[in-house]
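In the two assemblies presented below, subunit A is common to both, partnered first by subunit B and then by subunit C.
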Partner chain A sequence: MDISKKIVLPGEEIDLNGMKQGNGIYHENGKYYAYQLGMLQVYNNYVNLIQLSGKYYPVKNDRVIGKVIDIAPSFWILDIKGPYPGFLHINDTPWKSGSGELSKILGTGDTVFAKVNEITESKQIWLSLKDAGLRKLEGGHIVTVQPTKVSRIIGKAGSMVNMIKEMTNVKIQLGQNGIVWLDGEPDRVLQVIKILKIIEEEAHTSGLTDRVKKILEDMR
Partner chain B sequence: MSRSADEIVYGLKREYLEKISNGGIRIDGRKFDEFRNIRINTNFVTRAEGSADVRLGNTRVLVGVKVEVGEPFPDTPNSGILTTNAELIPMASPTFESGPPNEDSIELARVVDRTIRESKMIDLDKLVITPGEKVWVVFVDIHVLDYDGNLIDASALGAIAALLETKVPGSKVQQEDTPLPINHVPVMITQIKIGSNLFVDPSLEEEEVATTRISIATDEAGNIVAMQKGLSGTLTHAEVFKAVDTSIEIGKDIRKRVFGR
Partner chain C sequence: MGMVSEVKLIDENGLRIDGRKFNELRPISIEVGILNRADGSAYIEWGGNKVIAAVYGPREAFPKHTQNPSKAVVNARYNMAAFSVDERKRPGPDRRATEISKIISEALEATIFVEQFPRTAIDVYIEVLQADAGTRIAGLTAASVALADAGIPMRDMIAGCAAGKVDGKVVLDLNKEEDNYGQADVPFALIPRTGEVVLLQMDGNLTRAEFEEAIEMSTKAAMFISNLQREALMTKYSRAEEREETKEEPKNGNSGEDAHE
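Our next item is the complex of A and B:
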């Protein structure tokens, strides 16, 4: 029986059909069970569980969008919707702390597009702005989506997000942590927000890119 | 007091909402004077004398009414008692904390209480069992189950819908069960100011970036029966009058549409 795309409940027994145990699956007394609510996927003879919902868990080199929630003497504390806050040190930014006042560079409530530079043993998350495309975000609007659905919004090699960008002329910056920055004509931005909702709800279905394309064409 | 991450608003969201409002657009595509979808399910709690489950968009409020026998206050021996209480439970929003009631829940309860009391919605003088000794006490309890903005209007709608269906349990004192004596049906309309524009029924996103809030309750005759201004911003003369006109107009529509009166 083909088990890929099967939706499983937490604790549900999974028959691996001789394949290997991948992510999101545990075994007990020789049997395999699902950790979370999710969909099974077969890849290279491994069965993985793709979770349908959940909180963001940072991984090194992820691109995330963070909001400054506090300022320390030499670094900013950012909310990245993860289990712990992210820290951004002044040395990991293109700016110089000449005046010594960090709040003049980034104040509380400011938004940055950053990457996860390092996760220490004690789970401190250090962010960095030193890479191509990373910056302080200005103008535009912020919406949140489920972090697990971000890869679906991007699509295969960016097919989905590029199509939305092209058809609506809205600038889109996606954070792996489920925060999305949008900038463009107000009514176009509203359309993109609607599209993101649709993708989020129908992420597990196939042929989504074509359907989204049709919806976008109808909206024009 | 340090604020939690959820209470800090994205600075660019504030700018964006202000910018698009100047172009006549709200972030969810509504018109400036458009309410979200209102759904009310009355008699939701069978053990209460009256109750209502209200959904205003994604905001959800449960209101329960209990009517019990009590002693009147010494200065009003010939009238019943109305008590309103509001509870913001942590399940409704990441920014709600458990513990004793905070400023927001006290304000919510007081504004709803004022709407009912000052509009003379309930005829408290008819709620006397034995003058000076026994009267009916009406408890209105508001539970916020899901917070997506505009708790004041949702709670007021719920309280009024629940009171309209409330039965006075006369059988407890060897009398007949009767409906609660109702005189008027007030409707509360809340507006917020973003930039220089006034919006009715703010969503959570709009409430977060608003500078000023004004809630106005009106009755059938278009009289203002309660008013509350919130947040630190200001309103001009003209804006206050405009807000009053909007409240009367939308209040009439909602009274007809939701309460059929």
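Our next item is the complex of A and C:
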């Protein structure tokens, strides 16, 4: 039986059919069970469980958008909408501490597009700005979407998000944690917010990219 | 409890005042995902009971001294609305609500993988809108569905049911009249997959044989309710399955590369 795309509930027994145990599956007394609600996916002979709902759980190398909520002597503390705050150390940024005043570089309320650099054993999330495209986000608007719907907004190889960018001339930065940063003409930005809501609600339907394209054309 | 019954609760045909047989449940319906702002939510109608459960978290526990460095703390809050009972209930936590909140927290903690989220809190709010006996189990049943909806890792979803003694006979799932004028009430909840008991209380007196009969009936009912919970979740999430089938290319959650400008 093909177990790919099967929806499983927490504690449901999973028959791996000789395949290997991947993410989101635990074993007890030689049997395998689903760890949380999700969908099974087979990849490289591994059975993985893909989360369908709920909070954002940071994974190494995720690109996220975070807001500075506190400043410590050598690092910033950021809200990344996960179970834990994110820490951004000055050494993981392109800036030099120099004067030692971190608030001159990033103040509370500032937003950055960062990547998850390391998750320690005690679940401390360390972020980094040292990679292509990572930066402080200046100006613009912030909206939140369900983290599980972010991949739908990106679309196949970025088809959805690129089309929206092209047709509205709005700069879009998507965080894997469900935070979206938008910058452009105010009415255009409002249009994009509307489009994001449509994608979120209709994420389960087919031909969505074409429908969104038509809606965008009508909006012009 | 313990009051001398003026009302005849079981008639000569062995039927109870609402027409149920001794081992019959009240009608139950569960709906998933009714609140937008919560991470997970559920609504249950169990006979005359109407209960909403909402789950938030895991999130950083505050105040900081409540954090546990080795596991998540589960904060369940059971609350009855002022209008949920015949005579207005004085709002706010009372002795009874505090007790129920505690036992529900402990029951949920037994099924959640709390050790996965050190220093966090998982908040579970159970609001009883209309009460008709058996609200703690209705609340717990809804709470475990809401936890699953919130994507929280669990061993299994808790299910439960109450049994009791009415007119000298052991019956399943007491309603308000039976609870008020019956001789005993035994709320009971377990982890269906392993059979571990996570909640068990007794108000009133039963003989050992009667107690065992009550537990046997409740266990059977809990397994039935466990299926209702699963069906409710599947109704919501089978839509997601459709999505995945029509999606041009399924993407894993950690494909952060695509978020590049």
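Throughout what follows, the second predicted complex is superposed on the first by the 168 of 220 C-alpha atoms of A that agree within 3 Å, B and C clash if a C-alpha of one lies under 4 Å from a C-alpha of the other, contacts with A are read in each partner's own complex, and residues count from 1 in each chain.
The criterion applied here is as follows: contacts are C-beta pairs under 8 Å (C-beta built on N, C-alpha and C of every residue); 3 or more make two chains touch, one makes a residue touch a chain.
Values in this document were obtained by computation on a predicted structure and should not be read as measured data.
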Contacts of A:G22 with subunit B and subunit C, given as first, second, both or neither = neither
Key: Dominant contact partner of subunit A by residue count, subunit C or subunit B   = C
Inquiry  = For A:R63 in the superposed arrangement: first (subunit B), second (subunit C), both or neither?
reply    = second
Query = In the superposed arrangement, which partner chain does A:P85 touch: subunit B (first), subunit C (second), both, or neither?
reply = both
Ask   = Touch check for A:P10: first (subunit B), second (subunit C), both, or neither?
value = second
Task = Show which residues of subunit A both subunit B and subunit C reach, each in its own complex.
result = 85
Key: subunit A contact footprint on subunit C (complex, rising order)   = 33, 39-40, 57-60, 69, 111, 113, 117-120, 147-157, 191, 193, 230, 233-234, 237-261
Contact footprint of subunit A on subunit B as seen in their complex = 2-3, 5, 8-17, 19-20, 23, 25, 27-29
Request  = Going by the contact rule at the top, pick out the subunit A residues touching subunit C in the complex.
outcome  = 5, 7, 9-11, 13, 33, 35-39, 41, 48, 50-55, 59-63, 83-85, 115, 122-123, 132-133, 147-148, 150-152, 154-159, 161, 171, 173-176, 203-207, 209
Inquiry  = Under the definition above, what is the set of subunit A residues touching subunit B in their complex?
reply    = 67, 69-70, 79, 85, 107-111, 137-142, 186-187, 190
